[in-house]
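Listed below are the structures to be examined.
Below are two complexes that have subunit A in common, paired first with subunit B and then with subunit C.
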Partner chain A sequence: MRPQVILHSFGYLTQAAGVTLALSLAGILLGFLVGSAVCVARVSPRPWASWLGGVYVSVFRGVPLLVLLLFIYYFLAEFGLDVPAVAAAVGGLALSSGAYQSEILRGALNATPKGQAEAAVALGFATSDIWRRILLPQAFRLSIPPLINEFILLLKASSLVSVVGIAELTRVSMNIASLTYRPLEAYVGGGLFYLAINLGLAAVGAYAEKRLATGAAR
Partner chain B sequence: MNTIGTIELTRRDALKASLAAAAAAGGLLGASRAAFADDTLADIKKRGELVIATEMQFPPFDIADNGTYKGVDRDLIDAVGKELGVKVKYIDLPWTSILPGLDAKKFDLCIAPVTITKERMKRYRFTVPIADATAALMKRADDKSIAKPEDIAGKTVGGQKGTSQLEQLKLFSAKLPKPVEIKEYVDNNQSYADLAAGRIDAAVNSLPNLAYAASQRSDAFAVVLPAFGQPTYFSWVGRLDDATLIDAVNAALIKLESDGTMAKIQKTWFGQTMDLPKTVPEPAI
Partner chain C sequence: MSLETFWRYVPSLISGFEVTILCWAAGGALGLALGFAIALLYRLRLPPLRWALRTFVEIFRGTPFLMQLFLLYSGGPYIGLRLSATAAGILGLGLYSSAYFAEIFRGGFAAVPVGQIEAALSVGMSPFDTLRRVILPAALIAAVPPMVNLLIVLSKETVVLSIITVPELMYQMQTMAAETFTAFDAIFAMAIFYWLLVEAVSRLGRRVERRVTAFMTEEARPA
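The block that comes next holds the complex of A and B.
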């Protein structure tokens, strides 16, 4: 073990960690939009909308991210649709994560007691207020732990975007391993960066949970 | 009663949903550019840029040193670009993505060194050789039991799956008094790591790759000389129908060989010069 290898490549690893973080955050945020839309479709009383939502979840949760990325980047090009590498990476992450996030949101929505909405209707609340003040805040609070979980999983899964030619953290660790012929040091270096980023994400999640805790706990 | 709320939500969020869908689609379709013209060479000259792809994990040919692309291929393709009067853009792709990417026209030329084989010649168009690819062996520096290639009889040897060097090892093994136990790896770096860890007794690869690895980690590795395989060569590959591009690259490579640029690059990275055929050789395997 030669820690100098990690120190020598520290700048390179930091830069790659930045790429990993940026792509993952973009994928998470876009995935949240996609997930919200799909969740709304799934809980919709219109059969076609909930059917479409269900199909989306089945497809994008069922296809491995690696295959999805290869499909977007290489297969669409066969039809003259040249997707740039960054768009393919973020799009793949968002489409895949959207499927998982929609189920997390749906689960949280289902966990909010139906009786509350019924009581609010009986008390004369406007429908928009029922969602804005009663259902969504509770659902959002319930969904934080699984969402943070999903974010961490997505960040680690983002190592797959190297197949479209993006030098993210895992790829760069491999580059360093092949250059220095010291794989142990290179992968320990990359692993430490992942750990640091994910600890940060977990801390953000813990803070959000604490801030949004119910009145009694505050 | 609750349905009222749900319907309301559906309508309001239909807008949100369509926005999200549009955003996703925009990300996907963005910067969609027209497909490459029929003649790739003319297209490259018009763009003023030759786009190449390689895997920057194949020292001394392709290295990403703290993010900077270096190596034999980098020096050669820069010189070729100068001959063609165009800039060169480099893409780093895992080996498994390179040939699909070439087919999908994501770039013009693959400059990851590819060993010329009969099977591959049916699918791709090869340039003239850029380096020797003859298979050789590397052992642990302190291993006294291997002095010549034949000494690997009965031992365990590792190599990268799908490479012609591994095929050459299989042919060589069949001729030994005791066959070699062969371990296949996803890439050579893992086989080197297992060699250092003592799980295998030798690693097979092309002589230039091994010579470079051994020079970088002389504390751990040593090359077993001479190379055991039949003479084979590394070339770059393009699409089968890009004859004009490959011809132009070949002309540039031959010029680099005659004006001494090639020898200078070889000296830098291999520590010695080597003679290369001026035409695409008939593959032995």
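The block that comes next holds the complex of A and C.
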């Protein structure tokens, strides 16, 4: 093992780590929009909407991410849509993460006491105000720690987009491995970057959990 | 693609499915055993050992599975670990899942009320008997729901093995797609197939879970 290899490629790995972070961040933010929409559909009183939401979650949690990413890739090719690979990758991450995030949001929504919404109705709050002022703020607060956890999972899952040729951390590690003939060092180096990012995120998550635990609706 | 052409690929697809099941079962079993061993060793309260186990778990939970596979499969030979793709895949799945299983078992152990352990010791049970008859039954049952969950997640992770050329279902399907120029049809079929597979496994898992925790009251049952 020659650690110099890691040091020499430090610049490339840092840059690639930035790409990984950007891809995951875009995926989690878009996924949050998808997840919110699916969550709203699932808790909707209309049976067809909640059924559709349920099907979405079942499909996007059931299909492995690698299959989903390749599906999007070939789907775009089949219909001649000229979409950059990065957009396809972020889209795939967002669609998949949206399914998981909708479950997180739904769980948080269920955890807010029913009596509060009933009390708001009794006091004459409009439905939109009940959501905006009572349910959503509390649900969001409860869902921050699991959302950070989901971000860590998504960041690791983003290594799969290397198969469609995007120069993120895993792909760059592969390139370094084949250029230097030193796969051991290349993958240990790439792995250390993932580890550093994830441990940082986990620390943020632990802090958020502690902060939010004080004064939460319990 | 004509049905005739497809028919010629059926044997390779079936063998791919067998490899998928093999990797899942063997990798899952390895991970279960390793994870259980880690959780048991963790209970010994030896600081250096605990520190080492913690590091192991954090490394395998903090890095992508694909990265671990690459390291094992193409980095392994440099430290004298020469494995076939399938062996590397099974070992990789086992190591990766062992970190998660260890955390599950640790949670299970934590769920056993301390009073029960103290009671067992105070009526004169040996530490080993306490472990075997008091701690383990309660801990294992508390661990069933997350275990089922993890096994479902693992069934999806087997797809990643195709990247290091393990001849499982995804790999065979991609070979077929490349030879017959039917990438879209093939991946569409794969998506449907895995969805049905995971859905079936999840339902089966929930039933096993309900059966094992059937004696519990509704509140005591882990969500």
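What to note about this one:
The rule is short, and it goes like this: the second predicted complex is superposed on the first by the 199 of 218 C-alpha atoms of A that agree within 3 Å, B and C clash if a C-alpha of one lies under 4 Å from a C-alpha of the other, contacts with A are read in each partner's own complex, and residues count from 1 in each chain.
We adopt the following convention: a residue touches a chain if its C-beta (ideal position, glycine included) is under 8 Å from a C-beta of that chain, and two chains touch if they have at least 3 such contacts.
Quick caveat, the model's predicted, so the values are computed rather than measured.
Contact with subunit C, but none with subunit B, is seen for A:159 once the two complexes are overlaid on the shared chain. Applying the stated contact rule after C-alpha superposition, one finds that A:74 touches each of subunit B and subunit C.
By the touch criterion defined above, A:63 lies against subunit C but remains apart from subunit B after alignment on the C-alpha atoms of chain A. In the superposition on chain A, A:83 makes contact with subunit B only, not with subunit C. By the document's definition of touching, both partners, subunit B and subunit C, reach A:183. Taking subunit A as the reference, the larger set of touched residues comes from B, when subunit B and subunit C are compared.
In the superposition on chain A, contact of A:174 is made with both subunit B and subunit C. In the superposition on chain A, A:194 contacts subunit C only, with no contact to subunit B. Overlap of the subunit B and subunit C contact sets on subunit A: residues 70, 74-75, 77-78, 162-163, 174, 177, 183-184. Touching subunit A in their complex are the following residues of subunit B: 1-10, 12-14, 16-17, 19-21, 23-24, 27-35, 53, 56-59, 63-67, 91-94, 96-97, 100-101, 103-106, 187, 189-190, 192-193, 213, 216-217, 220-221. By the touch criterion given at the top, residues 58-59, 62-68, 70-71, 74-75, 78-79, 156-157, 159-160, 162-163, 170, 183-184, 187-188, 190-191, 194-199, 202 of subunit C touch subunit A in their complex. The part of subunit A that touches subunit C in the complex is made up of residues 1, 58-59, 61-68, 70-71, 74-75, 77-78, 156-160, 162-163, 170, 173-174, 177, 182-184, 186-188, 190-191, 194-195, 198-199, 202. Per the touch definition, subunit A reaches subunit B in the complex via residues 8-9, 11-12, 15, 30, 33-34, 36-38, 40-41, 43-46, 49, 70, 72-75, 77-78, 80-84, 87-88, 90-91, 94-95, 98, 114, 117-118, 121-122, 127-128, 130-131, 135, 162-165, 167, 171-172, 174-175, 177-181, 183-184.
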